[in-house]
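Please go over the structures that come below.
You will see two complexes here that share subunit A, one where it goes with subunit B and one where it goes with subunit C.
And then the complex of A and B:
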């Protein structure tokens, strides 16, 4: 039990990231950078990836249907809040209910499938992702089909209703969500539960022989991940005041979340945050900025397909993944053993 | 406990379970007590910790073990030896629940360790069945139900008449069950109950249950959690003996901290016992081979077993480490843990074991003290081959 000073805590990357993030709206305000608005998407994806990190990073189950739980969260939030439905809850109770619905959805999918191993689970989750999309699309009387549910209310805090006029409150609120979920993940990671998850990831048979009920622990991880993804979905829907069409929650979203976890570092919470910043920051901030800058310079026209960097997005993602696998297979910030991990700190 | 050996029918579980591990919440109540009384133990008048009773393991056409029987007394160091492929590790896997014996039984403390069919199981099955039935009915008619209950009663801009909505929901739900509609909930119920019972039956005798009952093991090809520290490895072994739950950890309730402190103390104690406390914070994967084997023993001991199964603990160790290992095994026995070991290293086997059983081609060919085994012609033949004459 080593006592750590405030300074060595501050020097940690995750705390440093938080401190920088706290100042971003201020910089925006002074220098008109316009970073807060696109970074909100970054934060939502960070939450989604943190959820996936519990399932894939901690417990080692390949999960290819995270977008489905995000969709369930978004639609649950939509149905619970939108005024065309009878429930008409406000933001906070709806968010709480959405979390519970996420847990239930995760448990329902997990119960029959947790005995499956490796690739089989990946196939099941992949199929689940497609099924959820199709159900949302075709259950038109309830989900409004491809129109999506709108308008949805934004968050309310201290009597202040978040609107479209300023992205800053949104940014701080979503940052707060990320911080809370990081703390939840970290608390779980450094506990008996998290140890059991990591043991299952390391060697499931050995873990079972050590008295760990693997199926139950995996289900716990799966439901936790589903709940966090549902929160991400609700925040996403609330950010855009609409659930959007079901196709917004397609396989690409699941893969993007997986890429964030892999690029960031499987099982490393700070790594996932950095991964989300790198991947979504690149896709939603850097590429559009580059595109408009190139157009301003008159180097490419808007109609040019190859000249638009946005169209190179997935090519770059693929390339980055290949390079990562070749040169840094454990991710940007791999989960460190010993000093930082587990109960030994 | 020795009374059970004499009386077949009296021991029916409850008292056995509580006697075995008072603090073992999770295993208690799940573990079957099917004390049929052991012939072997009765004959000798000693308590048998482990009884392997005519166990046959068949994989397709391959017979790994054939009618293997032996029994291990309390406080004994018992060795299983035999040439490669004799079925020793398969036997360990059958004992620890990784495999189910094709024939025969394994008894631990006089009972077969497995989950019992309690009333609670059937109640849970019934509840799952009802839930599946309701879920199936609702999901099959979800559009109609929504239209009739919410769609019909919802007027935009006005409050929702909850009473009327719920009533029409119930009426619509009931109307779907009329006529042949009952088939849907019936099938749902059958599927729910059937699937739950099937899953339960498939998981009657799992390694985690057997570990919690008090059998710990190490592996022939070391299976440590290489990315975790030594201490964490031991703490994983302690999993079933700790009680911090999901929400206690999530919310960092006071109990989390007290148990964390206690478990770390205990873990360090175990690491000291095997002589690894100086490296407690290092990754297990970075340890040399011999130390990894000792760490695996510490991890196994962390579950506070009554019986420890060691699968080739001396493999890959140098002579000094081997001597230390023999000492360690004796110390483990000294802490009232019965030890069963598979070993090829004859100095270890002859040096520490009280009794030895010899397997060859899956069959038991001899059992006895080290002296007896050393002079048994069949064992010599199994290991060295038969002298060709002429």
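And then the complex of A and C:
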């Protein structure tokens, strides 16, 4: 254990990111950059990807249904807070309850599936994602079908009710959530449980031989990931005052989360943050702006299939996955060898 | 399927069927026909899985592109006006065109995306396949914006496209029969059954089939015996792609509509079929395909269309959890 100076701590990328993030609203406000909406989305996706990182990054299980747990979180928050239902909780108790519901949902799916082989588990999570979407869409009497549950209340903090007048309180609150979840993930990673996860990712058979209860540990990772995804869902619904339609939580969202984790570097928490910036920055900022610039130049029209930025998303997600797997399977910021399981920091 | 041909005299002999029976028979016909198509696509999944243990996620979307190529050919040749014998000839052209295209494209995908990762962890390969699937979906989306009248003039790229019926929809059981059995069902049987027989022959009795079985059993040992493993895997992708191309053209003619997302739906049905039958097993894929086709048809008919995907995915999950080796996977160890 080497004592590190404050400077070496500040030079760490995640702390630097946080410092930059703290000042972004200022620049956004001064220069009218229009960043507040993509940035808030970026924070929610970062939380979702941090959840996936626990499952796929730490424990090595490919999870293709994160959007389902996000949907469960959003709808749980909606049902607990919206005034057409009997519960009508406020933000904080609803968020706590949503987290618990996320854990339960994760454990329910995890219990029968944790013994499955990697690729079968991936397909089961994918199928679960589709089923959740269909059930939310078809059970109209409970979930309002494609209309989504709305309106939903925003957070209340120190007497301040978060509303639509300013995006910046939202930004700081959600940034706070990201910071808390990053700290929780880092502590988990260094705990006995986290070391067990990393061992399972490295070699499950060897981990079992060392006495690690692999199935139980995997289930713990799965439930943790589900809880974090549920929080992301609740924050999403609260931000937009609506759960939106179930199709908002489709396979594309799960794959976007996977892209973020893979681009950043599986298992690397700072990597996930960088990956979220890169992917959401690309999909929600660069693509629409390039498209509108091209439209202003008169090179493409909104009506043409090439002019709609959303049409390029699939292609970008796909290319990212294929090229990363081929050329940099460990991501932009791989987990460094020195920080592997057991190395004390 | 022999079941269908056996039904013809039975129904013709007894026109006084109860309405419930008529409904049941109609669902049965639709289910069996779609089931045979699903089986053909499922073979593509099961062959690739049997040989390199990859869930080839992109297979369904590869088939989508085959369907889009077929619609492009129809538009280019003005084939939507063809009927009768010309219609049948047109279908034959589409089948060959789409099968050749899908075979070639599947080979290219394997060569460029999967082959460099042969020794990588299995999940790396799976993620690559998911990425490839997204790329193909996007290509289909852009293709749907092609400025042709068959694609709606290119204005609604994402909208489902009408696929002209080249084959007569007249009821073969006579105009007054309530049970529908048309030339389209005959087309399905006429295309899928010979292909399945040919594939079985190829895998059982040819040199290529023998080397495929050898590679499936043990790639290292196979290469030590002088088998060019990469060539055999390439051939597997070519055959799987070709069957997918045949299958999707028949699917498009039979169901009359295609869309850029059809590959995801059809692909999940076919994959579920492959898993249900026992992944890696050819007879399993055919059996699973028929079962999933029937399940879909009966769920559409007796339950509700909107619940059908849930039913199929539930079957997929339950099979994976409780019987991962599928119906035939444990007994028949013949992996392709």
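Definition applied: the second predicted complex is superposed on the first by the 333 of 345 C-alpha atoms of A that agree within 3 Å, B and C clash if a C-alpha of one lies under 4 Å from a C-alpha of the other, contacts with A are read in each partner's own complex, and residues count from 1 in each chain.
Keep this in mind: a contact is a pair of C-beta atoms (placed from the backbone, for glycine too) under 8 Å apart; a residue touches a chain by one contact, two chains touch by 3 or more.
Please read these numbers as outputs of a predicted model, since none were measured by experiment.
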Simultaneous placement of subunit C and subunit B on subunit A, clash or fit: fit
Vertex subunit A, arms to subunit B and subunit C (CA centres, degrees, nearest 10): 80
First (subunit B), second (subunit C), both or neither touched by A:245: neither
Touched partner set for A:195, first subunit B, second subunit C, both or neither: first
Touching partner for A:314 - first (subunit B), second (subunit C), both, neither: second
Partner chain(s) touched by A:112 [first = subunit B, second = subunit C, both, neither]: both
Which superposed partner A:206 touches (first subunit B, second subunit C, both, neither): first
First, second, both or neither for A:86, with subunit B first and subunit C second: first
Which superposed partner A:142 touches (first subunit B, second subunit C, both, neither): first
Contacts of A:184 with subunit B and subunit C, given as first, second, both or neither: first
Subunit B and subunit C, minimum CA distance [Å, superposed model]: 10
Intersection of the subunit A residues that touch subunit B with those that touch subunit C: 112
Subunit A residues touching subunit B - in the complex, by the definition given at the top: 83-86, 112, 115, 139, 141-142, 184, 187-188, 190-196, 198-199, 202-203, 205-215, 220, 335, 337-339, 341-344
Residues of subunit A defined as touching subunit C within the complex: 60, 62, 64, 112-113, 116-120, 122-124, 127-128, 130-131, 134-135, 137-138, 251, 255, 258, 262, 303-306, 311-312, 314-315, 317-322, 325-326, 329
Touching residues on subunit B, where the partner in the complex is subunit A: 96, 98, 142-143, 146-147, 150-151, 153-154, 156-157, 160, 162, 165, 195, 199, 203, 206-208, 211-212, 216-217, 219, 223-229, 231-232, 235-237, 239-240, 242, 244-246, 249-252, 256, 260, 263-264, 280-283, 299-300, 302-303
Residue ranges of subunit C touching subunit A (in the complex, touch as defined): 53, 55, 113, 116-117, 120, 122-128, 130-139, 141-142, 144-145, 154-155, 157-158, 264, 268, 271, 275, 306-307, 309-310, 313-314, 316-317, 320-321, 324
